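Order of writing sets the chain letters: A, B, C, D and E. Residues in each chain are counted from 1.
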Amino acid sequence: AAADKITVGALRFTSHAPSFVAFEKGYFTDEGLEVEFKFFQAAQPMAVAIASGDVDFGVTAISGGLINLADKGAIKVIGGALQEEPGIDGQIILVSKAAYDEGVTSPAKLKGRSFGITQAGSSFHYMASKIAEKEGFSTSDMKLVSLQKVGAIIGALKSGQVDSWSIVPHIAKALAKGPAVVQIGMVADYIPDYQVTTVFTSTENAETKPDLVKRFLAAFSKGADDFNAALVDKTAGEEGATAMVELIHKYVYADRPIEKAGPSIRNGAMRVNKGAALNLTNVTDQLNWFKSEGLVKDSITIETLVNTDYVETF
Amino acid sequence: MSDETVGNQITGKPVPYRGGGFLPKSRKIVAPIVFILIIAFWEWGCRTGFISPLILPAPSEAFDAFMNLVNSGLLWQHLAASLQRLLIGWFSGTMLGIIVGTLIGLFSIARSGLQPLVSAIFPIPKIALLPLFIIWFGIGEGSKVATILFGTFFPTVIATYGGIDNVDRGLIRMGQSFGLTRMSIIRKIILPGALPAILSGARISAAIAIILLVAAEMIAAEYGIGAYILIAGSLMATDQLITGVAILSCIGLIFAWIIGKAEKYFLKWRA
Amino acid sequence: MDLSLRHITHRYDEVEVLRDINLDIEQGQIVCIIGPSGCGKSTLLRMIGGLERPASGEVLQLGEPPADCLNPLTYIFQDFALLPWRTVEGNISLVLENHPLDAAAREEIIADVLARTKLSDFRKAYPRQLSGGMKQRVAIARALSVRPAVLLMDEPLSALDSQTRELLMDDLVDLWEKENYTAAYVTHNLAEAVRLGHKIVVLSRRPGEIRDIVEIDMPLSARTTENAELEAIQKRLWNLMRDEARAADMELLDE
Amino acid sequence: MSDETVGNQITGKPVPYRGGGFLPKSRKIVAPIVFILIIAFWEWGCRTGFISPLILPAPSEAFDAFMNLVNSGLLWQHLAASLQRLLIGWFSGTMLGIIVGTLIGLFSIARSGLQPLVSAIFPIPKIALLPLFIIWFGIGEGSKVATILFGTFFPTVIATYGGIDNVDRGLIRMGQSFGLTRMSIIRKIILPGALPAILSGARISAAIAIILLVAAEMIAAEYGIGAYILIAGSLMATDQLITGVAILSCIGLIFAWIIGKAEKYFLKWRA
Amino acid sequence: MDLSLRHITHRYDEVEVLRDINLDIEQGQIVCIIGPSGCGKSTLLRMIGGLERPASGEVLQLGEPPADCLNPLTYIFQDFALLPWRTVEGNISLVLENHPLDAAAREEIIADVLARTKLSDFRKAYPRQLSGGMKQRVAIARALSVRPAVLLMDEPLSALDSQTRELLMDDLVDLWEKENYTAAYVTHNLAEAVRLGHKIVVLSRRPGEIRDIVEIDMPLSARTTENAELEAIQKRLWNLMRDEARAADMELLDE
């Protein structure tokens, strides 16, 4: 039979590598899927695009927008992707040099400080809350500054206009190398099992095309395995890692020479769950947090958000 | 005269009417009816599922969101924050614009040097410059006000010097012929003569200010209608989105109404 | 073809503008209508041409217009009403394009009227390139091109400077000598009225009523500038109108 | 005459000159000089560290970024994508706007029903509606073109019916008095008479289209000048940001120049 | 105070507009300047008032203006040049505000000139509320308020309809009878020129040169409409100018 055509939404980030690997290595083709990528600038429009049916599958962090779209019956989370894991470089907590000099040398000192987020209900907002909770103060003790875009936060952090931020390692490490930004902690220490990104699809796909979804997840998992092996567990040797970086470089930082892009790609490698397993415990925690912040309706249940038919959950 | 008239009466036929028309009148009552019909249809569409909630929330839901805003008291906080930014940004942009526009309108040096600069900078989308604005003006009120100021400054400059260029040169010559000083001519003839153009520039810059409010409040705004819309957008809370947009629309209408009043007052000498 | 106005009365909203006007315009005659500002002269002329409907009364066409007549009742306006985006010939062809004429016939008419108004050299000129007098000549050429039965002229010379006015008045007289057109001619200018009118209708202030109709039998060609009889008529008309003209001038235009 | 003149010559003094002025002329050469000076100062400021690289990249860096864009061949891809969106969106928005504006300008029904709707929707910031646009028009070219179309439609409508309202009623009465048909009057008198206003509306809507390009390309655009600016902004690559903004500026100038040419051609009958 | 124009020549870029004009304007005289369109009449008047500088030649003031004179050379313009945003009294006070007068003195002047031009009832009216004739009366009042030594009038009546023109001409004559003002009066209208001018200067087509200067000794009050002598002069002037007027009219205005 002819291959099923599907559209996969992606950002040009290392965290989307499993899809790229599956595509490049022909895992999608093996599953009888003809994949077309649609690239986005931000996760939010990707979620909307899945809701509107323009895109079939996507990978992104759980956000308020995503939950509300799920509540409108448009999308479902069907699997897990990026996962914080102690021991592997995960998201990093940064402060500006100015704040560091004023004594903000550990996350515990963030009380009363400003923290950059893109928007209310973004993953940054969640991380800030969790850090505050664990350090024993409340979110409102920090001044959350929404700047819409990662770039704007970087600018604000460098120029000392926001004190702190947390971000994926490849960006964090590059920033911490400069003079204006200092690393003070790891997100993994606060949310050890943080399910950073999830795989999701339209409710229609999840409920009426289980076969298609299964085939996608199978290919995606194979890609994830290769990626973990090459860059996270480093079991494929330096050669494997180099080959993987070259593969990913086709999609990520394509406009920069590989000598420059390579380290960023390696830095950005975080574990992608095997078999796209989903940390339901953490996802439930995230959902509850959204509810407690009043960002989504209290009536939304985890079943509205997640379809657990496809992957292992824990 | 009348004899002849009577005699010919039988052969006469009236001159055919061929005038009138081409003066469309807008009937005041139609507009509210159209609005009500549209909203009713929209509500009906949402209730029957003809319009999916994904595409548009029902007007009643948007109204609920609005009432939430009112009841929580947040509406006033959002409004206060936005209005403050709008007024400060718009007022200072307009004032600066009038000053620079007047210079361009009066002096060859200013015209030669500044006019091309204004034409070159005017069309730059302010939203593209937001990252730079954050660095230049910080993430406090500064960059928000600056965004609005920037957006309103240029159209005001252009309206002002356009207005001055269009002041009847005959009136200026009249002033000179009566020995009025240069300052008197500027104050009493040129500026009042440019006022209609300046006010219609203010109308445009007020609309631009409101449009830029959303962009301005992308920068670290906790409160503000623009911020409310952005959060609603990022949460895909379309009911709140529609509410926010409707509030902006109302602010726009109110601004336009105020400027209309100002025009009526200042330009009462016009036909 | 004659025209007959019967009991014409008109009001705009509350304002009565014309009251019971009865008037005949006979073939081959120029009827001048004079009166103070705002008395309803233009309104009356619009009614004669079918551009406005009187509140009561009627304007009748007595007899048929000549068969070759394309637009029996044809205006010449004070402000010329030329399309600025069309050349002289374009402005004339505008009013011919709606009629079933082939291109050659149209071209012939255009060439003819341009020649009669001495405009042949200005065929391709745009209105902005022409002086006021030339523009009005173009409007006259346009009016002639549709072979009108009656010309309706609303202060056709009052937008021109007085020397040009003098020249165009001569042209209108010459034209009448040759073609004996019928016309209703609205003017403020008594000198024009006594120069061109076979019949001069004097309207009162608003609401306009007919105060007097003066007939002048002297042939147009005999009415040169130094003419005691005409001077006397003009003086009489001016005495009739002076106070009303002053009063009309002193009125506030709104409020 | 001359005798008397000679006799009085001693007591005569010339009439004082009191005219002239108030006609600022812009000297063509000044503008390029000002531009060059500004860029030279900016470059100098960056080189000496007087302007920190965080605040603004040096013009030479922006130029390097531009050359990178040219050499990588990406410039043409970005330009092609953006120009296509601009042209399709602007063209269809303008055409629809002219049609609807003409209806409002000619018919009482359209005026009563549509005009208030247009006034209410016009000031809504399109950027606030982006999330809805994605749902309504998808993430393909549809929503990008729709954003630009939406932005250009309303000002064109307003310019068109404003232009029609301002067509000299005397010309229309003239047409009627010569027995022209309604269609002839619309085609030969009203539309040409409204053309100057429509063209100046096109000037404005072109500027708006370019501004909205950035917003439109926020939606899942891979290529396009707006997307390039957004990526640059999100990476805080200010050199690329400035390059992108400069390219938009140039597109704006080119559009304005084309419309200027069109005005010269279509309105050659004007003074 | 007399004025004397000596060898005035002027050109705009390549176009020579005026050529060697020599003219005296004597105290208490009205000098009318007539000539075809575009011959440089307005340019000449602007030079007399110091609003434009001749390319060569000079305009001299002979003798001192009266001591109480606020603005010796004062214009009345064809288009009235009233500020539409000021009322009648505001338009007059505009030209007084620059002079060291206290409020009472200013008020007295305004009341006086309004009374002299019969405008007292229209003090608070805006220009848009006034007819053309009234507007020009306001402009005359404004001119009188600065107690001019010489009035410079550029076709002051040509924007008015002919009845209003008639009325205002009477007013100007009355005013002259009372005040004996000095004036340079540019017009196209030969009837006006022979009615008002003590001296009529006829200019040729561009470049404007003086073709003739006609002096009329008859006192203004004696010049009624029926006057064979004036008619004769007017006719003579018209013959002098007719061809040039026609030629000026037939010129294309640009290209």
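Note that in this section contacts are C-beta pairs under 8 Å (C-beta built on N, C-alpha and C of every residue); 3 or more make two chains touch, one makes a residue touch a chain.
Bear in mind the structure is a predicted one, so any value in this text is a computation, not a measurement.
Peer 1: Out of curiosity, which chains are bumping into both subunit A and subunit B?
Peer 2: Touching subunit A and subunit B alike, sorted by label: D.
Peer 1: Note the shortest touch-path length, in steps, from subunit B to subunit E.
Peer 2: 1
Peer 1: What is the chain whose Cα centre is as far as it gets from that of subunit E?
Peer 2: A
Peer 1: Starting from the mean Cα coordinates of subunit A and subunit C, work out the distance between those two points in Å.
Peer 2: 83
Peer 1: Per the centroid of Cα atoms for each chain, what is the distance between subunit A and subunit D, given in Å?
Peer 2: 41
Peer 1: Distance between subunit B and subunit D based on Cα centroids, please, to the nearest Å.
Peer 2: Result: the chain centres lie 17 Å from each other.
Peer 1: For subunit C and subunit E, let me know how many angstrom lie between their CA-based centres, rounded off.
Peer 2: 32
Peer 1: Specify, in ascending order, the residues of subunit D that touch 2 or more different other chains.
Peer 2: Correct list: 18-19, 54, 131, 135, 173, 176-177, 179, 230, 233-234, 236.
Peer 1: Among the residues of subunit E, which are close enough to touch at least two other chains?
Peer 2: 46, 49, 51, 73, 128
Peer 1: On subunit A, where are the residues touching two or more other chains?
Peer 2: 44, 48, 51-52, 149, 151-152, 155, 159, in rising order.
Peer 1: Which pairs of chains touch each other in this structure?
Peer 2: Per the contact definition above, the touching pairs are A-B, A-D, B-C, B-D, B-E, C-D, C-E, D-E.
Peer 1: State the interface residues of subunit A toward subunit B in the complex, per the touch definition above.
Peer 2: Residues in contact with subunit B: 44, 47-48, 51-52, 63-66, 68-69, 72-74, 118-122, 145-149, 151-152, 155-156, 159, 161-162, 295-296.
Peer 1: Quick one: which bits of subunit C touch subunit E in the complex? Just the residue numbers, please.
Peer 2: Residues in contact with subunit E: 36-37, 122, 125, 128-131, 133-134, 155, 158, 161-164, 166-167, 187-192, 225-226, 228, 231-232, 234-235, 238, 241-242, 245-246, 248-255.
Peer 1: What part of subunit D is in contact with subunit C in the complex they form?
Peer 2: 168, 170-171, 173-181, 184, 188-189, 192-193, 195, 267, 269-271
Peer 1: Which residues, counting only subunit B, touch subunit C once they are in their complex?
Peer 2: 1-2, 4-5, 8-9, 11-20
Peer 1: Which of the residues in subunit B come into contact with subunit A in the complex?
Peer 2: On the subunit B side, the touching residues are 53-54, 130-131, 134-135, 138-139, 218-222, 227, 230-231, 233-237.
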